[in-house]
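Input: structures, listed below.
Here chain A shows up in two complexes: once beside chain B, once beside chain C.
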Partner chain A sequence: MKPARREDWLVLAGRFGIVIVFALAWEVLGRMGKSDPELLPPLSKVLATLWQLLHDPDFMVDLRVTLVEIAAAFAIVAPLGLLIGFVVGENQRLYDVVNPTIQLMMATPKAIFLPIFIIAFGIGFTEKVVFSTMIGLFAVILAGIAAVHSVPQGLVTAARSFGVNRRQLYLQIYLPAMTPLIIGGLRLGLVFTIFGVLLSEMYAASNGVGHAFVAWGESYRMPELMAGVLLIVVITVALDEMMRLAEEHYGKWRKSAR
Partner chain B sequence: MEEVGAMTALAVAETKPGRTVIEAIGVSKLFGSSSGPVQALADISFSVGSGEFVTVVGPSGCGKSTLLQILAGLVPASSGTIVLDGQTIDGPRPDKVGVVFQDAWLLPWKTAIENIEFPLALRGVPTAERRARSQALLDLVGLGDSARRYPHELSGGMKQRVAIARGLVQEPSVLLMDEPFAALDEQTRTRMGAELLQIWERSGRTILFITHGLAEAIYLADVVLVMAANPGRIVERIPVTLPRPRTIDMIGSEAFGRLRNHIWHLISDRGPL
Partner chain C sequence: MKLLSAMCVVLGSLAMTMSGAHAQATVKIGLAVPNNTYYAAIFAARDLGYLKAAGINADIVEYSGGAANQEALAAGAADIITAFPPGVALVTSKGTKEKMIATIAAPAYGWYMLVNSDSPYKTMKDLAGKKVGITTKASTSDMFALWAADHAGITVQEIPVGGGALINALKSHQVDAISIFASLSFKALAMNTRPVVDFAKEMPPTITDAWVASQDMIDKHPDRVKAVLVAYYKAVDYMRKHKAWTLGFLKQHMKENDEKVVEQAFDVETMQQSSDGVIDEKWIHDSLAIASKGWNMPDLAKVNPKDLYTNEFLPVKFQ
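Now for the complex of A and B:
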């Protein structure tokens, strides 16, 4: 591990370097008048706008609406996707029957179904939650199936030979063996769910961050739009990073494991 | 079914005295396949006395792993009976049988000592007791210093030692081993064989050891059961009278060579390995 230290620092410095160069270029180009301030306001202006937005009660309502929709959809996506994934993964015949459908749904650009959801549920909370649930669900189902299939049969046989009962088999063999893949799948499911909520808000909505984005875009309010984008990027990356750390923590044993 | 070898010169002594611990009576196994049922094992009968080291050798596909899984209660026999320590086997009996597989199958998220403790933890043995017993077994297999290491930090041979310790931790009267050293390089395999004999002598367990290596089968055994395929059956029961403790040098001896040739012909005259 020791010799890699120096290079680790270089990689880290490089990563931050990209962010700093990007931020500087953004700011300097704007100040020098090289970029159109109407189209790309300088970073400092965007950050100032972001600060105002965070103190703007109207925007905070939009943000809360969006976060609640994401939370509600993910609260369905995670357990339902895993449950379906486990059941299908455990039952080979069922897997043979439904796998093509799941693959088909995974491959389909599900955004095309949005108008149908609006007709079926009307514009609002239910429509957004159901639509983004569908967007996020299939990734989690596939991860659940993959997680079940990743448990080596030999490990199960060995565990039976030293006397596990059914409950112990599921809780003490299957669950820990599957945890890294489960978290990886939930991570993907969360990113897709967020995408689904924002898309449905941008397409047709009366509130939410996505709706605000469209309104700002239509009235050329670039500082607000850029500030909103920055905020959503930060929130999404933070959530994703948390799950990545969990995935790494529970999957430590996978390092060079066969 | 217990034919004694034609090589009477070698088959002098009957096995060690002691009560019977494993008794297989007319064990058969049929598997369904796309082209109809396949007879994996046909009418297998043998017995193993307490403290004996029995090896089962045979060509691949002769059903020796299936036999072990039936003995371990992991797979039901189609017909016939297994009596272990006076009790008929109809499912895993971890208190009577420890199993070591070709792959160690340690739980990769647990340390070496936690892996050995695991079967005891399942039964609710108190932490202090199971830790002490597991550490003693780690010492026995020569890994006393590696208790806190994870499987991915252990070599293939070390993993198998942990698996052996785990097989012994519930103090079973029988240890079943399914080609436990087959995935190891030859040097490690030879050394592990010698160490297994020491562990066997110190622990006083009965061992049934499956292998496809003729030298390994003879070197370790009191009795070699030779199997043939299609259907899987025992063709000869060969007592090994080489003195104990066995040494690596014995593998080059004349008596050893004659035994090996005899088994070689038993197997190869019936078809390719």
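Now for the complex of A and C:
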């Protein structure tokens, strides 16, 4: 494994530095009375509340519900989005026909369809999964299309001239070329999926973290609300970071090709 | 012989399960907002076993506002919901078939127009042209704010901020006053605010919350509707008679650590909400008149209150 360069360490230190400065500012502003502690509780209070929440059986049920909904929705978004993306990307005529629709759906704020989904699917697990699947799907479809279109045709031609078969072409040329864009699309799809689950829980649900957010907000429980937000941010960042590392790993050949 | 015994056990269990399933009818109950003390009794009815004893398996869902609640009823995702008369009038005019079946709260106990304690506003008149935070447009909060302004002979700028942001908006001076509901009002009063309007004392009595059932539910399952109401009001009665238990229950339900706030919620809401669900037609009439004027919807005042409710389940009696 190549030793990390000094520049890499500096970048990492800078990133952590931003987080530390933000955390210190949050804590100090509250303690110094520069911000209303009722509106913005100090970070230490929020962290203490988060610790309590993680030991609260009721909240852990809500968290599990939300995570299961996210997992179920993303398990549909990822393969379905990529499959549609590949099929559309590979066929120029099909692409010309459906691309405007896909772009329109991507640009439309899909939250406006939530009441329709409630009418169609109720307010339970199915509605949460179907709605958030719709929210996350189009980002992955577009990534799939872009991934197919990004394969350098020169490489394909060169590979064919060496007599590769279809299987070799897809596994050794298409897949490595597409992987970084695919993972980038999946990252975006995941973020949208999480957003879709939380939004639908906040609108109408009997459990879930989104439902807890509304309940805390309605009873003006700011420490819990901030703690819940912090937890969701950490979970989202952690998942996204895992995917980013995978994207970096599979995209190494691009850096070495420069 | 062993196999036969095992089969008997399995078949017996299945029979018991099936008979249990038939005895419990599922009723989907939608509440307009979470953590509302007026609705706490339905959870108490569940926890005390009143609903189960009545053969009801209650699926209780807390929505994020009256609009979402009404959508759920229209979609069949809820059988019984909480709503206020103008809301019912609006949706029935669009074709949704539903009726108010019992009063939860009337008049508006715990509802206030609040300002910061250090603000220069002493009366509602002082808020002429100022910003008033409400939950959403066409909500009870909106209707009350417009009534207060009209009653004081002024106009105000209404700013919909959502229930969860009312106190934030006031404390951060983004708005000058808020039209706020119980029990969030008690929390706000504990945070250096004071009322310029007490809606329970100053506004003509109106129904702030009622149980509403779909016409389908009323026609096909009146027994279940009655069972839910009996369980609910029986729980209200129990809560009133067992203060210590109720304070503990409300503290957990509201997830509120401030015992003063919990005690206020008990005194103002639990002790003063309807004990038998009786609907006074004048409450509906006045509610529609206020909403009609405030929202500039003359047709709302022409709605016949008789079309919006049924008293076939009233008064709710229990043993």
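Please note the rule applied: the second predicted complex is superposed on the first by the 241 of 258 C-alpha atoms of A that agree within 3 Å, B and C clash if a C-alpha of one lies under 4 Å from a C-alpha of the other, contacts with A are read in each partner's own complex, and residues count from 1 in each chain.
One rule holds in what follows: contacts are C-beta pairs under 8 Å (C-beta built on N, C-alpha and C of every residue); 3 or more make two chains touch, one makes a residue touch a chain.
Being a predicted model, the structure only gives us computed values, none of them experimental.
Enquirer: Taking the superposition on A as described, I'd like to know which of chain B and chain C A:Gly154 touches: first, second, both or neither.
Expert: Only chain B is touched by A:Gly154; chain C is not.
Enquirer: Under the stated touch criterion, which partner chain does A:Pro176 make contact with: chain B (first), chain C (second), both, or neither?
Expert: Once the two structures are laid over each other on A, A:Pro176 reaches chain B alone.
Enquirer: Please indicate which partner A:Glu38 is in contact with in the superposed arrangement: first for chain B, second for chain C, both, or neither.
Expert: In the superposition, A:Glu38 touches chain C alone.
Enquirer: So, A:Gly163: does it touch chain B (first), chain C (second), both, or neither?
Expert: A:Gly163: touches chain B, not chain C.
Enquirer: Pick one for A:Tyr220: touches chain B only (first), chain C only (second), both, or neither.
Expert: A:Tyr220: touches chain C, not chain B.
Enquirer: Where on chain A do the contacts with chain B and the contacts with chain C coincide?
Expert: Chain A residues touching both partners: none found.
Enquirer: Over in the complex, which chain A residues touch chain C? Could you list them?
Expert: On the chain A side, the touching residues are 36, 38-39, 115, 118-120, 122-123, 202-206, 211, 214-221, 224-225.
Enquirer: Which bits of chain B are touching chain A when the two form their complex?
Expert: Against chain A, the touching part of chain B is residues 69, 72, 74, 92, 94-95, 97-99, 101, 103, 105, 107-109, 118-119, 122-123, 150-152, 166, 170.
Enquirer: Residue numbers of chain A touching chain B in their complex, please.
Expert: Residues 152, 154-155, 157-158, 160-165, 168, 172-173, 176-177, 252-258 of chain A touch chain B in their complex.
Enquirer: Taking the touch rule as given, give the residues of chain C at its contact with chain A in the complex, in rising order.
Expert: By the definition above, chain C touches chain A via 33-35, 59-64, 68, 71-72, 74-77, 162-165, 167-168, 171-172, 183-184, 187-188, 191, 254-256.
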